[in-house]
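Listed next: structures, encoded as structure tokens.
Here subunit A shows up in two complexes: once beside subunit B, once beside subunit C.
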Partner chain A sequence: MRTLKFLLRKEFLQIFRNKLILRMIFALPVIQLILLPYAATYEMKNITLSVVDHDHSEYSRKLINKFTSSGYFILTDYSATYNQALDQVENDKADLIVEIPKGFEPDLSRQNETIIFLAANAISGQTAGLAVAYANTIIKDFNNDVRTEWIPQSQLNTIPVIEITNSNWFNPLMNYKDFIVPGVLALLVTLVGFILSSLNIVKEKEIGTIEQINVSPIKKYQFILSKLIPFWILGLVVMTIGFVISFIVYGIYPEGSFWVIYLFAGIYLIALLGFGLLTSIYADTQQQAMFIAYFFMLVFILLGGLFSPTENMPDWARYLTYINPVSYLIEVMRMLVLKGSSFWDLRFHFLVIIGFTIVFNGLAIFNYKKTV
Partner chain B sequence: MKAVELENIFKSYPIKKTSVQVVDDVSFSVDDGELFGLIGPDGAGKTSIFRILTTLLLADKGNAKVLGYDVVKDWKSIRNIIGYMPGRFSLYQDLTVEENLEFFATIFNTTIRENYKLVEDIYKQLEPFKTRRAGKLSGGMKQKLALSCALIHKPKVLFLDEPTTGVDPVSRKEFWEMLKRLKSQGITILVSTPYMDEAKLCDRIALIQNGKILKIDTPQNIMDSFDKNLFAVRSENMFKLLNDLRTFNNTESCFAFGEFHHLTLKDNDINISDLEKYIAQSGHLNATIKIIKPEIEDCFMQLMK
Partner chain C sequence: MKQLLTFVKKEFHHILRDKRSMLVLIGLPIVQLLIFGFAITNEVRNTNIAVLDNSKDETTQIIITKIESSQYFDIDRTISTSDQIEKAFKTGKIKVAVIFQQNFQEELAHFNKAQLQIIADATDPNQATTLTNYISSIVVDYQNQVNQQNKLPYTINTETRMLYNPQLKGAYTSVPGVMGMILLLISAMMTSIAIVKEKELGTMEILLVSPMKPRLVVVSKVIPYFIISLINVATILILSVFVLGLPIQGSLLLLIGSTVIYIFCALSLGLLISTITDTQQAAMLISLLGLMLPVVMLSGYAFPIANMPVILQVLSTIVPAKWYIIIVKGVMIKGIDITQIWKELLILVIMTVIFLSISIKRFKIRL
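Moving on, here comes the complex of A and B:
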């Protein structure tokens, strides 16, 4: 125990002396939490719109007004022909073309039917899909307005209409920030637990101090513990800072119990530290370790459901997310922060993460040889 | 009991498809309280021998013992009683002098105060800088700190792998004086060095090359065993002289040694005047020739062939 105490003291001395890393540990959550949720948003605003109006009627003007007042579209172009509008799309000046046919108003009032043509730039599939979906809603809305205008009040009740209303549970306003902030918190914990710990051990190898440690009577478990404990603590500290920032900046306060959050993050960190240790066994220089860590981080994040929901992924990718520890933390964070899940709701996640802990640490300890 | 014993140690490293024999049938022993030197050029296998003895590396074949403990079976006991100073400076650069020493004391379950007497001489010189980070010390200071750290747990056997490589001549001299003092305190010291001039400061030396031991004896005996006349020759054109001497049909070997070329002849009966004649014939001016006593380096060169 005494040896471990001194080993830990040495680790903390070194961490606190490394001013750059220390600053990064504190700057990282602040900057990531403030920047990322604002920058990475799913809501499409500022979709550029090109209108080809062949009708020039009262109704067509109303429809265009409805588009521009929705807040999603910016009318950037008014073309005379469809081909001109297409040029705008080709020049990246318009995302969506709305073509209103000649006789739009007369057809609508006399034949009760007309056609509007929508064309979206599908270079970005997501933008195109959303633009068309928004446009559909707006046109449907316009359609309803027209109907209410025509049908006399007395007759309104006789026509059966299914009206759809929805409510978004756990995030009533569909606030994207509420969705991304818990994910970013998960990312921060991972960064500290995985990258910093693996780099730290490799540094001992690179400088050669591990030789001195290896000829000493220090036991394997003491050395490993002295490397893991500081980053376990740091990871939880960073998470705490993250929670404080998300409360101050976004007013996000976890619905669930802090005990469950810290318990899960604590176990999760042990798993990730084991993975960091495993990385450090195979890397001889910090450069190698950094590159390995970067590779895994990228895969972890992309397949972690931070930005795109894992449910949208193709089957093979979804199976990969099952072996991605980060996806579990992101999910648990969301469930705890937004939904207020209890320990019992998360029992499956706890079991999986304990499994990861055993596998990663088992492999690391098995592979770590004291004789270099 | 011998402090260190090696019996027929072999070690090879695979390089691509072949393997390189870095330690080739090495056997020697070091007596208790001896200052023993492993002398050889870079790549001779000195570090591998050290790493085998300090339980950091497993030999392919052979037995090695440190104070009677087997390096494979009793590695735990060995780690408690040896001090090892690797060739590369490997202390924590971001910790101060004092913190480093304290750290290495505590991991061996001791304190600075307990063994202060042992390191006092060395550490006294470092004390003015004790709050300085180890990475910011000069080369000589770093070596002194490394030695202090290797000594702080009062080891019975000290392994120093090229402790003076890259250190200035004054610090080197000081360093060897420190080793003499440590020896007088009964610590067995195994030291390796590529510098032949340091060999004379050891009690006994092993000359080693390409993983093979060429000779083991006291420095004096090794120098005495040099059985040829050794000539030191110089002239105004040293480069031409070297070539001329090497083409001389009676030359056994000729090497550049600072201001002189050291020359041995196949026939020991040839005297200075014969040599002078040859050199004058080759057109050298102001040539000086004298018979000198061989140094370790001369012996090494002779053994190397």
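Moving on, here comes the complex of A and C:
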């Protein structure tokens, strides 16, 4: 116990004397939490629109008005031809082309049917999909307006209609930031914990100070613990700062209990730090550790469901997410912050993360040899 | 010249002898491309949903079968009460619940109206919107089938064309993004770390007192990373054309030419970082926080810049990767020529000149 106390003192002294790490611990949460949620927005507000109106009728104008007043679209120009509009897309001036054919209004009133052409810049599938979905909703709305205007009520009621109502639970205002902030918080804790721990032991190796520890009576588990505890505390401090910032900036306050959040994050951090230390033990130089850490972080985060739902992944990738600790933290954060899930709801997640903790730390202690 | 070659050889030995870093350097773009190309899709699949059928009649059965056979959704049969639905949402078991009103078929037949409720887990608002739309369109399709005789009058149909990327492949955004990111990682981060490492270990002193001109010492450090970057560009392009099925619509020469300019830009950025830092950790952190984060967030590769607040849009203009990604998208996917991207190229050249002149000014021959 006494040995551990001295070792801990050494680690803390090293951390606090390293201004860079200290600055990073404060700068990272602030930068990420303030920048990322604003940058990482798939909330579509400014879809640029190029309209090709061959009809120039009252109703084509009404439809265009409906687009511009929806708040999702910004009309950038009226093009005379489709090709001209295509140029706008090519130069990134427009995301979506709406082409209203000649005879739009007469066709609609006489032939009962007409067609509108949409063309979206689909280089980003996600953006294009949402832009088209919004456009379709607007056209459908417009269609209903036309029907209620032209068809007598009595006739409308003779057609059977399934009324679809929909409600959005846990985030009724559909605020994208409420979704992204808990995920970024998870990312933050992971980044800080993993980078610090993976660079730590290898630095002692590179500088050569590890020799001094190797020849001392310090036990393996004591050494690993002395490396774990400081970063564990730092990780929780970073998370706390993160919660304060997300409350101040975004007004996000967890629905679930803080006890459960900290309990889960606490266990998660032990697992993550164990993995970081394992990386550190395995690597020969800081540069190498950095690269390995970077590699795993990238894969963990990309497959962690931060931006794209893990359900949509093909089977092999979904199996990978089951052994990805980061995806559990992201999921649990969202469940606790937005849904207010209870400890019992999360029992499965707890079991898995405890499993990770045992495996990673066991491997770290096992692989750390007191020889060079 | 012979001296320079010797120095370049030395650098190559440094890099090639570190097998693990090499593996990451060469393997990272491949892994990233494969993940983006195959794992991350916006297609809805295998989503777990619950159906609460309060009516249990023929019509509801048909609709449920239609939802189930769509391959987008897996129905969780164990859920049959509204209490269980709430529980299932909280444990994350389901993303959507579909609820049929009582006497669904009867109401539809007698009053021409029946209600169906879709509840979505809006934790992820976009996913919720997409899933709700999918289910609604299945129901609407069914209705149109039944109503074929008495179709609603005055119908506006839409025909949609997805330009450039009709199958909505994720690779179309990720390939330019991965190129922008990997080249910056290798050129800027690696170069800065390699130079700072010599400073930290004290070997820089030895290099600087050698008969080589100090500037050539730096040049010799840069050349290997330039070559590795080119190898990576080749791997990425070959993979994206032959494995991911991406086109190269424009001129390959233009693409490679602008890539070389971008690599120069990144290398000079790396030099700049190496002149302002003294330790490897500092260089790593600056590269990671100052370069990687903006590249991921502000280059328009992961998130559309147009949706960001104005401040971030302004900030994004100083991120070199933003301009490079515009060029790659334009040349590779849209097939535009130099007349439409000369502005972006010019910006990259100007940035390179600025980074280089600052680092030359700050470069110290003595430590």
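Assume the second predicted complex is superposed on the first by the 360 of 372 C-alpha atoms of A that agree within 3 Å, B and C clash if a C-alpha of one lies under 4 Å from a C-alpha of the other, contacts with A are read in each partner's own complex, and residues count from 1 in each chain.
As a convention for this text, a residue touches a chain if its C-beta (ideal position, glycine included) is under 8 Å from a C-beta of that chain, and two chains touch if they have at least 3 such contacts.
Keep in mind the model is a prediction, meaning the values are calculated, not measured.
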Superposed on subunit A, are subunit B and subunit C clashing or fitting side by side?
fit
Apex subunit A angle, CA centroids, subunit B to subunit C, rounded to a multiple of 10 degrees, is 80
Quick one: classify A:R110 as touching subunit B (first), subunit C (second), both or neither.
neither
With both structures fitted on chain A, tell me whether subunit B or subunit C touches more of subunit A's residues.
C
Which of subunit B and subunit C A:K10 touches, first, second, both or neither
first
Once the shared chain is lined up, is A:V89 touching subunit B (first), subunit C (second), both, or neither of them?
second
Using the superposition on chain A described above, determine whether A:H56 touches subunit B (first), subunit C (second), both, or neither.
neither
If you stack the two complexes on chain A, which partner ends up touching A:L298: first (subunit B), second (subunit C), both, or neither?
second
A:E211 in the overlay: touching subunit B, subunit C, both, or neither? Say first, second, both or neither.
first
When the two complexes are placed on top of each other via chain A, what is the minimal CA separation of subunit B and subunit C in Å?
11
The intersection of the subunit A residues contacting subunit B with those contacting subunit C is none
List the residues on subunit A that touch subunit C in their complex, please.
20-21, 24, 27-28, 31-32, 35-36, 38-48, 86, 89-92, 95, 108-109, 112-130, 132-133, 135-136, 139, 142-143, 146-147, 150-151, 157-172, 174-176, 178-179, 195, 199, 203, 283-288, 290-292, 294-295, 298-299, 302-303, 307-309, 311-314, 316-318, 320, 331, 334-335, 338-342, 345-346, 348
Residues of subunit A touching subunit B in the complex
2-3, 6-7, 10, 13-14, 17-18, 207-209, 211-218, 371-372
Subunit C contacts subunit A in the complex at 18, 20-21, 24-25, 27-28, 31-32, 35-36, 38-48, 87, 89-92, 95, 108-109, 112-130, 132-133, 136, 139-140, 142-143, 146-147, 150, 152-166, 168-170, 172-173, 185, 193, 197, 279-282, 284-285, 288-289, 293, 297-298, 302-304, 306-309, 312, 326, 329-330, 333-334, 336, 340
In the complex with subunit A, residue positions of subunit B that touch it
54-58, 75-76, 79-80, 82, 84, 86, 88-95, 99, 103-104, 106-109, 149
